[in-house]
Amino acid sequence: MKKIVIHITSPDQQAIVSSYSQMLASMQINILNLEQHVERDDSLFFMRISAEAKHDFRVSSLEESLDTINKQFNASSSIYDIDKRLNLAILVTHESLPLYDILIKHKTHEIKSNLRVIISNHDTLRSIGNQFNINFKLIDINSDKDKGNKQLESILEEETIDLLVLARYMQIVPSQIVKKYKGKIINIHHGFLPAFKGGNPYRQAWERGVKIIGATAHYVTKDLDEGPIISQDVIPITHHHSIEEMIASGRNLERNVLVNAIKAHLEYRVIIHGKRTIIFNK
Amino acid sequence: MKKIVIHITSPDQQAIVSSYSQMLASMQINILNLEQHVERDDSLFFMRISAEAKHDFRVSSLEESLDTINKQFNASSSIYDIDKRLNLAILVTHESLPLYDILIKHKTHEIKSNLRVIISNHDTLRSIGNQFNINFKLIDINSDKDKGNKQLESILEEETIDLLVLARYMQIVPSQIVKKYKGKIINIHHGFLPAFKGGNPYRQAWERGVKIIGATAHYVTKDLDEGPIISQDVIPITHHHSIEEMIASGRNLERNVLVNAIKAHLEYRVIIHGKRTIIFNK
Amino acid sequence: MKKIVIHITSPDQQAIVSSYSQMLASMQINILNLEQHVERDDSLFFMRISAEAKHDFRVSSLEESLDTINKQFNASSSIYDIDKRLNLAILVTHESLPLYDILIKHKTHEIKSNLRVIISNHDTLRSIGNQFNINFKLIDINSDKDKGNKQLESILEEETIDLLVLARYMQIVPSQIVKKYKGKIINIHHGFLPAFKGGNPYRQAWERGVKIIGATAHYVTKDLDEGPIISQDVIPITHHHSIEEMIASGRNLERNVLVNAIKAHLEYRVIIHGKRTIIFNK
Amino acid sequence: MKKIVIHITSPDQQAIVSSYSQMLASMQINILNLEQHVERDDSLFFMRISAEAKHDFRVSSLEESLDTINKQFNASSSIYDIDKRLNLAILVTHESLPLYDILIKHKTHEIKSNLRVIISNHDTLRSIGNQFNINFKLIDINSDKDKGNKQLESILEEETIDLLVLARYMQIVPSQIVKKYKGKIINIHHGFLPAFKGGNPYRQAWERGVKIIGATAHYVTKDLDEGPIISQDVIPITHHHSIEEMIASGRNLERNVLVNAIKAHLEYRVIIHGKRTIIFNK
């Protein structure tokens, strides 16, 4: 049996669920799970269906059937092959913990993807790539920003990267890459967005005297730290926490939040809707 | 428009969603929300549909249509009228906070029900009933357990109670009432079940030196503190917390957890499945 | 025995603890609890001592002894009588839940203070004042801002208010009152500060698509929502939460966070240090 | 300067803080941080002092001075050298995540110790030891329990182990080792103790239908899963979580809770008091 995921977005109206589910039944595609959501503000309907099809199933037939119903509802849909592993690249600078966590969970198959390459503007974390037998490539951003970013773009193309993860990468990804990989770049911000945007969020948090700190994984858009949020988590702190202790406590958060976001993306559990995201359960 | 909720339980199999949704569409009943869940262990499928029907809609017609499909799938179903307010009784002893919270949230329409009566084996909380103009009835359990429990049973019948809430009631509800109101009695336990069953859970927690305490709302069954859990929450504590401070911190938890459970029940978001519960989102 | 609390602030240096503790021992004042904190950034030492003195103990003698040591360390100190109840006023507009919670916890002696008056710019919550037998005063802010604020100031004076609590008061407290009651006005903001300052924080949070919402209790300063934070808490939300559901979920947070802050203040567990606060345990 | 930590346990009484702090001041030992706690139940006073002494400071002199005061108060004390790294051994079976986390945090100096050896009854995790260049030793417990446990005991002796960490070790540590290393063996239990003791806690939790799962780090005593708890944490789950998904979610918890406990132990922030622990802040 072949496992697929279908995303459907449509203006909210009657009989959507029955029309799509009936069509799938008629094609002998078995619904394993169906989740829906209506955004009341703009009356949009979102649905994620995970389903099982026979092995002789042809995507093009399903696409045709979907198209017919899509036209009726003014909807759009996407089909994803859940067993096809996406190509993953990780961008890092100095922080080792989120990188380690992705590598470990890739190795234990919790993150199901082809981890193709670690890319960095520093050599600091090369040894970790070696530890896990993952290709590590240095880009010359520190000496020549343009050259470095061209190298980055080339690597992403050569490796046919489907998802680029910024695991505490300390550089801005240039706008042409952001544009080209729209909805395919995930960043971890070490603060509770929208509080503490930009640099040194832990220092900002310390100075403001907050009692809780957080981390935020979001898609990268052209506006810094403004992209749609996928996952957030927080921990309580007290006046006892120095900035350094906040950083240490935050590290565990960051990696968990980032891995959650990567998994949600790879399992096609995310639909981006403007600045908001619909995150399906399973 | 008339709002209804439908629960469907069935052995897991193909085409369930499409069959039911198609039938609803054919009856011009509009699905507002559909959530499903499959218990893999015993291959059972659970679905909650909230829907909108025209005002001339007849429940009996829907029942007939459901029956036809139910037979096909060996399923069972229930229809609930979301606008019909259930009759609520609250059983209390000395603790005021959970009672206050139910009364306040009943008054502000967050808890949508007919709050018919507060019943107690002590007079302690009568003044709170007066404050909120809710009927308060004393039962003679302390002097004569059997007499008191017969009074309780009579009150529940007279007031045609649909949901009985034990808001820190310090007595055991007798088995004939538990049997009669199966799935209709909710208790708040001031501990993180299944840890700390029975009396004095905060003392038990203090002695065991736990670093987190909790509260648990569950349906009452014949086995003490063993019924299906609806809602739980926890807070961290430290060695600084005396038992009294644990009790004070726990009170806020208890009321929140209990009100969550009451709302889930009144909104027909709960399906009981053995010792487990399926809690739908909305 | 008489219970007191002493706050000491001093440049960090050797022998502070021993000097003060020795002096207290020599006066037969028994330390019940001592907590200290050093802010590394500006090398400041903060200490809170809760202690027990004999009933014939004279505050002036302790003040003299403290002064002697204070001079030696270039420190400052305050003595508080833990049994003297402070006069409390609550400012409200329409939201009932935080007001209810203060009234309930005042009644059950969890909040130990003289609750003198509820003040409001609307009549909405008068009945709650009546329910709990607390004086309710209307100020004419809606028709005449200056007049209303003068009424507010007069009431605070007449009632010799020590702590003013803004329990979802929808008006700006004028700067002369803020100045006069510096460190004595606590506000609850229904957002996770510093995110979502100003009006409609839940709408802001919804639009930004955050996955966690919060509430913040802070001292009021001349800059809106910029005062030192006393207490914060958060709850997870999902895309399912409409703004209205976020508001409903947030209400439980708000009241808990506000009551935590009030209790910390009344128990002299707070020292304000610029925009930061030191919150002692007990 | 030399950093030390002093633990003092004493019947609660007047002038303890002043006596010890005065003595330290007289020896020119500067208190960096002082935390105290009184257990009201048995009137015991606990204090942790972190302090800085000159390099020519002699431990024996401090011991003598402490002894004099200890006698006066019927107290006991211990002195720890914060810069002396303890020898650490890790016992594992199949689970890689907690082992990885200890290795990573050892490498990044968040866990300050001499990680001497990984010991296991299976070869599964040997490659991880190799990845991090840590000695990995197999013990023959699976074929011959007695032989294996003797090997374990020998390794602990040869490596002069100060702290033994059970990072999801699936065997019982024999009582003679538990006795010999009293207060020096930390276990991570993958459940919220005291709920779900023994094997398969996630299955137990799934069957009971709890809405929150947890992990518990505790000292090992002769009674299984009954030792003093050092650290606990929890995460919410829903009916959607299969046992496998609970296990996956729990892994992140387990490693965080275990590392927290190890750090607390190595920083001498723990005092065991019967089944309870006092965990100091810093």
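For clarity, chains are labelled A, B, C and D in written order, and residue numbers in each chain start from 1.
Everything below uses one rule, namely that contacts are C-beta pairs under 8 Å (C-beta built on N, C-alpha and C of every residue); 3 or more make two chains touch, one makes a residue touch a chain.
In this text the structure is predicted, and so the values were computed from the model without any measurement.
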Chain labels contacting chain B and also chain C: A, D
Farthest chain relative to chain C (centres taken as mean CA coordinates): A
Rounded Å distance, chain A centre to chain D centre (Cα mean): 36
Distance between chain centroids, defined by C-alpha means - chain B, chain D (Å): 41
Numbers and ranges of chain B residues touching at least 2 other chains: 238, 240
Chain D-facing residues of chain A, complex: 96-97, 100, 104, 108, 110, 131-132, 238, 240, 245, 248, 252, 256, 281-282
Chain D to chain C touching residues, read off their complex: 14-19, 21-22, 24-25, 28, 30-36, 38, 236
In the complex, chain A residues that touch chain C: 37, 39-40, 192-196, 206-212, 214, 228-229, 231-234, 238-240, 242, 274-279
